[in-house]
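Please read the structure below before turning to the comments.
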Amino acid sequence: MAMKGILRPGLVQIRVMDVEAALSHYVDRLGLYKVGSDAGRAFLKGADEFEHHSVTLVEADTPGMDFIAFKVMEEADLDHFEARVRAEGIAVAHIAAGEQPGYGRRISFVAPSGHTIQLFAHAEQSEPKPDLANPDIWPVEPHGMGARRFDHMQLNGVRVPETLDFFTRVLDFYLAEKVDDESGAPIAIWLTCGMKAHDVAFVDGGVPGRMHHAAFELADWNAVGHAADIITKYNLSIDLGPTRHGITRGRTIYFFDPSGNRTEVFAEGYTYYPDHPVRVWDKQSLGKGIFYYQRQLNDNFMNVVT
Amino acid sequence: MAMKGILRPGLVQIRVMDVEAALSHYVDRLGLYKVGSDAGRAFLKGADEFEHHSVTLVEADTPGMDFIAFKVMEEADLDHFEARVRAEGIAVAHIAAGEQPGYGRRISFVAPSGHTIQLFAHAEQSEPKPDLANPDIWPVEPHGMGARRFDHMQLNGVRVPETLDFFTRVLDFYLAEKVDDESGAPIAIWLTCGMKAHDVAFVDGGVPGRMHHAAFELADWNAVGHAADIITKYNLSIDLGPTRHGITRGRTIYFFDPSGNRTEVFAEGYTYYPDHPVRVWDKQSLGKGIFYYQRQLNDNFMNVVT
Amino acid sequence: MAMKGILRPGLVQIRVMDVEAALSHYVDRLGLYKVGSDAGRAFLKGADEFEHHSVTLVEADTPGMDFIAFKVMEEADLDHFEARVRAEGIAVAHIAAGEQPGYGRRISFVAPSGHTIQLFAHAEQSEPKPDLANPDIWPVEPHGMGARRFDHMQLNGVRVPETLDFFTRVLDFYLAEKVDDESGAPIAIWLTCGMKAHDVAFVDGGVPGRMHHAAFELADWNAVGHAADIITKYNLSIDLGPTRHGITRGRTIYFFDPSGNRTEVFAEGYTYYPDHPVRVWDKQSLGKGIFYYQRQLNDNFMNVVT
Amino acid sequence: MAMKGILRPGLVQIRVMDVEAALSHYVDRLGLYKVGSDAGRAFLKGADEFEHHSVTLVEADTPGMDFIAFKVMEEADLDHFEARVRAEGIAVAHIAAGEQPGYGRRISFVAPSGHTIQLFAHAEQSEPKPDLANPDIWPVEPHGMGARRFDHMQLNGVRVPETLDFFTRVLDFYLAEKVDDESGAPIAIWLTCGMKAHDVAFVDGGVPGRMHHAAFELADWNAVGHAADIITKYNLSIDLGPTRHGITRGRTIYFFDPSGNRTEVFAEGYTYYPDHPVRVWDKQSLGKGIFYYQRQLNDNFMNVVT
């Protein structure tokens, strides 16, 4: 099919209190690769990603997410979406090429949920990335948990119904699944800009602009089990898992980086198509939707955000 | 992203000499569900598919594929593609709604490779299909090999370069991988209409319109191993596997239905995006591309088609 | 090596309040096979077991375990162990052949922990069981969770140090792992009579003769994940998992039968040899020992027994 | 049960033409650890083994196996088996403690098949080995294929019936499976000294004392798939697999070290007990017995030995 506009989550900038400690988490344990650094920042990627980097760790006093940037298909998409976003009465800022090494210009705006969303059309490629000539299945043997790519985020914020409208009507996302409250208003939404079961999720958290977790893709349930073995071996702080999500059907573990940002390793999930009906969860089934095996939420999951 | 036009392979009609024997293969072993039948035909689907059926088995004197039909996003796409195809000087036939139970009208034409390609916009839904309200991960417990959906086909035919041009320029497919001969001309192409690593592959086989295999999706490598156990337990005719493809990175087994049509069970494969560079194999690496572990082709794979 | 005496756990009799409901649990879900029944009892087995049955479900007013019976190598072992047990001042009862269908005579005695332990030398074989001539890997395609055999039990009771002495000195078991309290006295012991990491575990529960769980073997971590999918699909009552044990390294889920007896599905575990040193856990590491990923115990695990 | 005598395969000495190249194979790829070296020899082990080393690579002009050594339970077993072997009219040599670093004295003799068999009772421990106090599931994060231990060998030689008699009557092994020729005489035997489905196999190869393969244990089918990925990534010479054995039910790949010695990675296999009936294969089913999915032998497997 003709695929235009926003392709995928491409870059997240995460605030950490100690970059070196964070590198141990994201590189040695999670399995990403460090491709560069500058004053107070480190740039990481998964070996299955072409772009220069997909995670920027930036030293800060508080944890959390500065922004998530989505890659669009072509340069003209930036102007197209800038106009659309402005038409909503939302300000759009311009970020010059080179602010992130290897990255072209980006546009930036704040979604109704309170999160900073960015779009970019160009990024240089960096190693490791998939080979193109008679490729092996990976360019380098995986290490640690073997995370292949930055996959998606869950963002807790405000104004979920308006956020749903904004992402679907203005940014051409699709609603794959949602949780409705008793009145039928969405309190949690799983949005996809392609054929993954989700690329970003928004949950009503009462406070704007919070990060619930950044998720990285593993190969399968077996890799999720291996990730759990690593979490205990190195005494990482675990939240929950290994388990499965009812929503997206993904296999998952939640755990924390040394600054308290929640990391998810995620595998499988179903294949979404834009003609699929929306899957709807009622509020009392949310526990099963989030933690399919436990069928109940835990306090950490609901209340700990950065 | 905005996704328009051809979504996915939706239906294949396979000729079999004995429908009952074929049902044992596709239902009891592969794990599909029979949703109906009429004189000389049986209609099957995977439990992860919404549409009425994705496989039609039709009794015939010779094995092979009658047609593969792709689902488009909306009714208007049928007219749009009909005009485009006619503009190539290719005849387009109309197939009335109801020719297949539960299916709306289809358009039909012959690709340069010699295969009959169809498009449809509407199909009724049938059980089993994914639940929509507080869904479990499957509507029914999987059986047999647990095939979840009709995934893709490999079609051996003629005029591969023209077929590549037709599918990418006229039908909006993307070229994910290809094998070039010494002159740089493509002799095998892996095409996707979405984010799967491929939805259809064409290989230069010297004869138009042949079927190499119909592939069905399994969950993962473990399911591929279980499929292999079933193949031997029931003494099915195996071609090769369990192995991995270098091309698409998929996990695979090839085996044969009782009429000699090749079935593939396929899992994993990478996530494709339309901004990805094409992966190119040279002819002497084709063995590794097809059978990543064995790194050489076998005669069956090259010569047995239906 | 020459292997003599007690071979393995061979039979457990579990009290259930409703045999039909229990059959749904143990047969349809867990994947055992019903090989017979009589008034108030049903007899089940795994397809990887040769003996007539390995689980007897008996209708009763309260849940729990009536006895666990171990198979010995030969008839003379029964007399040998009867003499040894009597020499401890423990009474030994005789149970006539045929009390359980297909079973020869058994001897029965009460261990210091308060549990009824039995030994038998002969049982008829029943279907399904492994083929012997050009065998397939299973005699019948697995169903449900695919449990292959009755694997082990955890029994909560009293007098753990005396139970350890009795099982190792009198019955020739080996101590694979233990948890010591602050004084160095064992409060939990994992005993093996062969090369599995454990065949029976005893935990100090303050009350004699209680059943903590009966465990059944699955193939691997993937099968454990599939078992979890089944547990939620059919809304079975889960205790904890999927997770791993630090003790034995096994992969596990705990869940409950309709009468409240805890069932474990268990996979992997290390290979034990009688020259291996004992692995010792201190009391504050017990959480990690039991639930390796969570690294803490839950109240259910500690307090719910039958 | 009381387990006495020969416990397990403990040490194999393999001849290689280039020790450095062999270290890349056995350490970097297979996942063993080098624990020492001396002139012309390197000593390796798996992280799940306690003893000092389980593989000795020794530089030589031709590949093959110098000896396989089994660990016995206690010192007295050496004298016991020496007497038994001598009673067969077979010479027994004494090898002094320290000939292999960390090893106590060994006895050595030649089996009817033409292979040098050794026994030892004592070996020092070395790192990495399983932790004993609140152990993690591995002492170090696995690398490469993640081989956990030296598992078993297949030895091709002569006089298979006499070898079967010798190993079962004199050395207390058990016959788990065998292949009979048309006259009912065994031409291939799978022998276990414990509860693994086999510890050593002998196949009639027409020539005494040849090595078919040395096998190392992987965790499961998923690890076998990962091993296959590594084999192709590093362009190792593969023989066959990933597949399953009908005999033992193990999951397997055969590939070659740089000197041409066949290595097997092996996972799963059933749990054997000494009261199990022998599983018997007829000669025309040998293909299915060896390569369960392919159901036919290849020439390499039959003819390439070292």
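Lettered A, B, C and D in written order, each chain numbered from 1.
The rule is short, and it goes like this: a residue touches a chain if its C-beta (ideal position, glycine included) is under 8 Å from a C-beta of that chain, and two chains touch if they have at least 3 such contacts.
None of these values were measured; they are calculated from a predicted model.
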(message) Going by the touch criterion at the top, tell me which pair is linked by more C-beta contacts: B-C or A-B.
(response) A-B
(request) If we define chain centres by averaging CA atoms, which chain lands farthest from subunit B? Would you check? (result) C
(request) Take the average of all CA coordinates in subunit B, do the same for subunit C, and state the distance between these two points in whole angstrom. (result) 47
(request) Provide the C-alpha centroid distance between subunit B and subunit D, rounded to the nearest whole angstrom. (result) 44
(request) Take the average of all CA coordinates in subunit A, do the same for subunit B, and state the distance between these two points in whole angstrom. (result) 31
(message) Multi-chain contacts only, two chains or more: what residues does subunit C have there?
(response) 136-137, 220-222, 229, 232, 244, 246, 288, 292
(message) With touch defined as at the start, can you tell me which subunit A residues reach subunit B in the complex?
(response) 1-8, 48, 50, 71, 73, 130-137, 149, 172, 193-196, 219-222, 244, 246, 249, 268, 270-271, 273-282, 285, 288-289, 292
(request) Report the residues of subunit D in contact with subunit A in the complex, numbered from low to high. (result) 136-138, 141, 144, 220, 222, 229-230, 232-233
(request) Give every residue of subunit A touching subunit C within the complex, in rising order. (result) 221-222, 225, 228-229, 231-232, 238, 241-244, 246, 251, 288, 292-295
